[in-house]
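Look for subunit A in each of the two complexes below; its partner is subunit B in the first and subunit C in the second.
Up next, the complex of A and B:
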């Protein structure tokens, strides 16, 4: 598996890119040339220079520093969303697929209702209900997305639960929890990895969209969507402001999309043969 | 056939009940008392326990849960969705009706763009597979999946309206105002459908009936249009039909960028103002639209496709 992964240039390159971006975000205090919150109204909308490589915004804050600090909420929140979604979805999916019966019935009916709602509207509804806050944005994203994972994981569990090796494991008296964690989870994890890396791009766009609308990360915190919201107000006078955050989002999402495609090639035995 | 339609329509009813119940529960899950929120939002100066109790009775909040749900559903069926918190002299139904035309115009224009752009582009991509045209289109499609709609909107606004001063930046008034928002909304769907049509056609090209048509010596043009395209369109029509409510819901972000006075703008303002009845009705409306359009195009597909029709009967 690892060898195949290393042979796939795209997978390695994109993992590297994402890793580097994450590291830059992690070491933001060291790498950022200025304090992302330090305003200097005398120096607003400064041009590109050695001191301010990407210029300054409408409050004279260093755009490059804000971009670097912006990696934290963007990547961090998206990762958190994915962990929440996969956790809840996997739990529900395993429950439904493994125990069948009325548990399956109830969970899958709920999943059906969840999937019949347009996801974007549900995010807005949940944020409206719980109040405008970052935590609620994550909750909303998890709340609308888990159903997809529950359905996929249930299908996976159904595919594997009566395989010989699992029946054997049950015969020799292994505990059900052992079978779930050691036999079923690894079988499904490759499909899960592909879906998750494709969906994390979706989560990034979704979170930045909410921040752009003012429903997510709030004003002084540097976040790419929120930066674009500020750029929107000065679109006529200083269009340069909207370039850097936009490109950053596109690059990061593209990296995850390419990574997802590459992972599918690596992990899908059908494609390989 | 008739039995099938009746079965499908009846099958949608539990889903509609679930959606309406979710919407009802939604407004009752607000951490604060709805009566208190209503009073505060409509700026009643002094809020006493008595006034809250009075409002609770007036809003019917003192009745049991299920009774209130039934009352609410019956009111909704009479198209009475309650009164806006922020504007007590306006009904929610009236507010939605005021904003609905603008959104429908935008969604309609986007739908037209989606159909007229993705169909020919997808067709030529499949016909000239791996040509430079196909490659460029595929690259473009890949780019659009990574671009947030609002950023595309900002870029277009800057390039077309500010740099070249061709079209107005925001608001609605003439058809000129419509072009940029409609294009922005439709962009993601265009890439989806180009890919769908292209892949469908490429798959159909491998079928036996195409080989047979070739053996019969039919001209390539007629095979492509009459056989392959026609067979590829079935799934596309259904997919486009089912995405109509998605288009209506999807305008929410783009409306905000271009200051388009439709449902999306209303929804965002309502979220900021905590105008819960408006949000509730909006979510209900979109949910119902989803169920109805899915049902409608499912039935249309079954009627239009002889293979499915035989399977059903």
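Up next, the complex of A and C:
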């Protein structure tokens, strides 16, 4: 498995890229040239320079420093959202796919209801209902997106639940927990990994979108979507402001999506190594 | 020991004609037979005759529409206790060895699963390492196989591991669902010899599901002909030459013809 992973250039490159970005975010206080909150109104919209590599924003804050500090909420919240959705979705999918019967019916009908609404609208509705706060954004994302994962994971469970090795376990009366944790969970872990990497890209975009609309991370906390939001106000006079956070979001999301693609290839046993 | 009484099984058909009524395909019709302790019962039939469905019913994986399964006098599908009794007494080896072993388990983990089930049931503590080694030896494999993965074994070896796993939980009865059908002729004989040896050693009872008449004559005491979900004939293997049922006769003749043809 590891060998196959290392042979896949795309997987290695994308994991490396994400890893480096995460490290930069982790060591933000060391790497950032300026305090991301320090304003200097006299020096607003400064051009790229040695002192301010990406210039300054409308309050004269260092854009590069804000970008670096912005990794923390962007990536951190997205990861949290991902774990939340995958966790809830996997649990529900497992219950539905493994136990079938009325549990399956109930969970799947709830999923149908959740999926029948456009997800973005639902997120807005939930955030509007609970109040504007980062925690609510995560809650809303988890609450909306789990249904989709529950359905995907249920399909995976259905594929494996009648395999002979599980039939054997069931026939000789092994514990349900053994079947679930030792047989089923490892079998669909590859599918889970792919879903997770795709989901995190979606979460980044969504959190950025909400921050851009002013519903997510609030000023003055540096977050890429929120930075785009601030840049949008000066779109006509200083379009350069958009470039850094815009490109950063595109690159990070693309990295996660490509990683998801590559993971699928790596974890698929039918793919020749 | 194991008794099936008037078993009917049907499946929901794929194509539903009416909106409110569900149409079903009946697969087994009024199947009744008994497996005696220490015997080997062969279930013979062509594909689609309901052999494997019968197997599923008698190993507790498929609840029949009607009819009862008894293990040592206890109703299997009637109560939790009955199901427990069956699970404690039965073990199974499947035809398709590629899916009967979890591809992520090593050989020792595969056998360990059978052992843990036994240990939990009996409360007995076993020396796991020794026990796994012993089981492997009994199926003719040595220690070097312990850390291998299923895909690193040949079909015959993997089927041996599956047999080791099946006897690891110390059953009284083993259901062999086409257990040798996907192996080559030479390995088939080896596995059947092994099965015979184990049967003598542990005083096991076998239910041997197959479409292969030669295998049945090799290992079984009794044979049951299944045709389109109905039992057409049940007789001792020694009397197989003078079966009366037309279908059973046809099956026998086709094989004999084939043998003669080969000689020419």
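Definition applied: the second predicted complex is superposed on the first by the 265 of 273 C-alpha atoms of A that agree within 3 Å, B and C clash if a C-alpha of one lies under 4 Å from a C-alpha of the other, contacts with A are read in each partner's own complex, and residues count from 1 in each chain.
Going forward, a residue touches a chain if its C-beta (ideal position, glycine included) is under 8 Å from a C-beta of that chain, and two chains touch if they have at least 3 such contacts.
Just so we're clear, the structure is a prediction, and the values are computed from it rather than from any experiment.
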Margin query: A:16 in the overlay: touching subunit B, subunit C, both, or neither? Say first, second, both or neither.
Written below: neither
Next item on the list: Go through the superposed model and pick first if A:231 touches only subunit B, second if only subunit C, both, or neither.
Entry: first
Note to self: I want to verify the contact counts: of subunit B and subunit C, which reaches more residues of subunit A?
What the structure shows: B
Checklist line | Contacts of A:220 with subunit B and subunit C, given as first, second, both or neither | finding: neither
Next item on the list: Once the structures are superposed on A, label A:186 by its partner contacts, choosing first (subunit B), second (subunit C), both or neither.
Entry: second
Note to self: Just checking: does A:253 make contact with subunit B only, subunit C only, both, or neither of them? Give me first, second, both or neither.
What the structure shows: first
Next item on the list: Could you say whether A:168 touches subunit B, subunit C, both of them, or neither, answering first, second, both or neither?
Entry: second
Next item on the list: Would you check which partner chain A:112 touches, where first means subunit B only, second means subunit C only, and both and neither mean what they say?
Entry: first
Margin query: Using the touch definition from the top, list the residues of subunit A that touch subunit C in their complex.
Written below: 163-165, 167-175, 178, 182-183, 186-187, 269
Checklist line | Of subunit B, residues touching subunit A in the complex | finding: 15, 18-19, 22, 26, 29-31, 142-143, 145-151, 154-155, 157-158, 162, 169, 245-246, 249-250, 252-253, 256-257, 267-268, 270-272, 274, 276, 279, 282-283, 286-287, 290-291, 294
Next item on the list: Could you pull out which subunit C residues touch subunit A in their complex?
Entry: 59-61, 83-84, 87-88, 90-92, 94, 96, 99-105, 113-114, 116-117, 120-121, 165-166, 169, 171, 175
Next item on the list: Using the touch definition up top, name the residues of subunit A that touch subunit B in the complex.
Entry: 109, 112-113, 116-118, 120-122, 124-125, 127-129, 131-132, 201, 205, 208-209, 212-215, 225, 228, 231-232, 235-236, 239, 242, 246, 249-250, 253-254, 257
